[in-house]
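Take a look at the structures below.
The two complexes that follow have chain A in common; it is paired with chain B in the first and with chain C in the second.
Then we have the complex of A and B:
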């Protein structure tokens, strides 16, 4: 098998995902509406909730809406990761997953391509969101827009891998609601996306510990620091390790002889 | 050819390097003076200065610092380089705010408790006159053309126009409740004055001595009673003025031509006094409750850093 075959397959998967996203205008708009509602409505109500302590990467006082922007970038990627997992379940039900997995390329490569496709879509969404936030006077340094790209790639891959892993567990499309309740919401609310760790600690040390070890928190912090042209090595390593673990489990999950697919019967 | 390229690069590097300057901040509760390097963004040191230092200014040649040490009832003169005390000035009781004339030979001190403005001859280190003004004089300024001294009295709600030659009050203007700080435009045509209680800025015409314009501040999401304008400065090109809004934790950016508020910049808690860098590229604010100063980049109109300096930062002066 030549490199060209790999490239063609990967490009095909990524292009299909991007094309689906661009042509589905409703999906494009709804993907943006969610973070914008948080930014324009939720953050407006909490405008003066923060501003007592300056914590890195910020060097001065910030408004709440400035604080939550990196968290909302993470939210876009979290929902996108889950959306990809939803589409995987759908693909599996419709049979296109079977076609994809019977392609004469390694399974891990196909899953990685699928993951990259989802990440590319999420990055597209994040940059559109950051553009709108810029018009709303939330303006990180210009270099930050470049630095945030690798951070978004890693966080997108990590959250996408988590979605892949979950999709290997979900038998039917209807079960996706469970993912919302048991994964997305706890992950999002128990993180640094909406409030800094020191603020969570004020109310509960237990919640603080959970938020600290939540991989989504680390992904958000990686994005937050990168957006302000800073590198957070701890968040980077944590997100990278989480990605590797989730990805390996997802590959295992999609392995017909060992994974969850066997237990679920022949649904793929 | 290579040499040329290197010199061009060096010149480029030199042009982007920021000139170092020292920011002096009086710390009301620490009885000290903080020295800050704003380019490095760090506190250099803190030195003991006397009981409750508040008002601070620097001489036009940047050689002498004047600091009102309120509970010691004096104004101390410090060598701006060595920080050695080189003299004290007779300020009467509890000096808080004062103004230096453009030549740097007269100091005008507001004596809040005595309802007086004391005129001090700096060379002789002597009070040469006391002018009776309204109750609780606070804000004081000298026009750049050295024609007027204006004194704002907090309880009388008046701005007193004192002739700089005769030291006599020429006119009194009734202003909004609890006037605090006052400053002149570089051309001496207008005086800008803040009113703490009414949350406004008044523009007074130096010719008519009347209010020609009033700017009302409204910060989205901040209760009206928290908007208490205090310190005010205007850039030398008369393009923009900046007003510290006290517990609203904002600095208002005002277009000096249209008098529209262009922006509210979030800074530390209870922002009190303001000072420009000598090149007017930056603005420094003292934030009394959060115990820090904020640094505002005036080109981008953004707050770049807030830096802890000590307890109750009050006045600020800058030396190149």
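Then we have the complex of A and C:
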């Protein structure tokens, strides 16, 4: 009976998130426009400027558009994770978060369900993006589309957990602009999403070190290898550990006795 | 418009302690919001928690619902400690918060369905309970409308229906009539009072509006985080030597300030 309760609650949370995403057409379109602008405009412009040597998982010279696609998949998930975080802050300000937190289930489970819901939405967006990229002649092996699913689940969970963690610290919706400047942009630009590590090393070893330890880089590499039916154990372990750390901190942040909630002027 | 309510059974319902609070204190950055609060509420009783703005009513509600954690003191819901047996305690609690907590982009039915899922109800039972509660509040015909399309009074009714969906033993209402017009306010006040009697539910109603108190209500006057008076309306009048609740409230709150 208890298991059934957990199951129903989890599906309720996932259903609500997916329904909101589908019915908010503007959100769906804008989530797709961002990576498509990067793919069609930015990558086309930089194609000649950035020459890429052969490096795993690629077995031949590739166009810049091909290189950038896994990074843009990661970008979709990064922005979606932050969007979920934003909606958590919004829900908290608007109060609907209270309904979730006062239901008779452990808080860690509710946060995990919320995270799974956000990840499901991000995966939906990534597959639509990959479909458009396929029409643009960027075609990883067919099996790669299946391999990439578990990689997207893990990277989505990791980036979503980071969003959850941030939302436990953000007191008001207005503070969210700071997240864009201090988290999203540095994370995205200081990663392997747009250029490989060795390219960054050519300009700065310091930036190279930062990019190497950036969990977003590892998530992108996990997606990149999976998309070409390969497994990157280092990226997998790094992303998994980052997910566990972010999730535990987020649970702590939402714990009424230990976390940020005790210090806030507003109730959840 | 009168809100329908089911007829009570012939049997007299038994009284049980639905909420028990002992020695509850809470501070925000060194400032005491609640100071050694003690009281209990029995099933079938409607208790009005009266206090001016900033008295600590919302903090008390946040502690009962475990949005905040009480560092000192004890809160029990139907005998379950909110700290140690959180899930069992919360399963017996229905809440209507001061701010609306409905999802504006979902329909009435979807909002209630989401709540039912969080309480582990199967779809058949959920549908049945949603129908029952919405019919009682004359909102069933509007179940497919988005909440955004409803007026303030109707949104409040939906929130009350949602809070009752899982048949709680204790219903918390944090100033639920704020911003409503007089007929909507009256409907909700009368409905909740009848609900306490007929369904044997314990009600804790936070308010600063004296006209929401019925003669047979229990009263708790909270000021600056402390209970200044508690008991039946007559008890409170006797304790303060006042002839009206308004005077008693003034003596205990404004008088204490002077």
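What we mean here is this: the second predicted complex is superposed on the first by the 262 of 268 C-alpha atoms of A that agree within 3 Å, B and C clash if a C-alpha of one lies under 4 Å from a C-alpha of the other, contacts with A are read in each partner's own complex, and residues count from 1 in each chain.
Please note the rule applied: contacts are C-beta pairs under 8 Å (C-beta built on N, C-alpha and C of every residue); 3 or more make two chains touch, one makes a residue touch a chain.
Only a predicted model underlies this, so the values are computations on that prediction, with no experimental measurement involved.
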Touching partner for A:105 - first (chain B), second (chain C), both, neither: second
Residue contacts on chain A - larger count, chain B or chain C: C
Touching partner for A:30 - first (chain B), second (chain C), both, neither: neither
Which superposed partner A:209 touches (first chain B, second chain C, both, neither): neither
Chain B versus chain C as contact partner of A:59, first or second or both or neither: first
Partner chain(s) touched by A:19 [first = chain B, second = chain C, both, neither]: second
Partner chain C, residues of chain A touching it in the complex: 1, 4-6, 8-9, 11-13, 15-16, 19-20, 23-24, 94-96, 98-106, 255-257, 261-263, 265, 267-268
Complex contacts: residues of chain A adjacent to chain B: 44, 47-48, 51-52, 54, 59-63, 139
Touching residues on chain B, where the partner in the complex is chain A: 41, 220-222, 249, 266-268, 290, 294-295, 302-306
Residues of chain C touching chain A in the complex: 28-29, 58, 62, 65-69, 71, 86-91, 93, 95, 97, 99-103, 105-106, 110, 113-122, 162
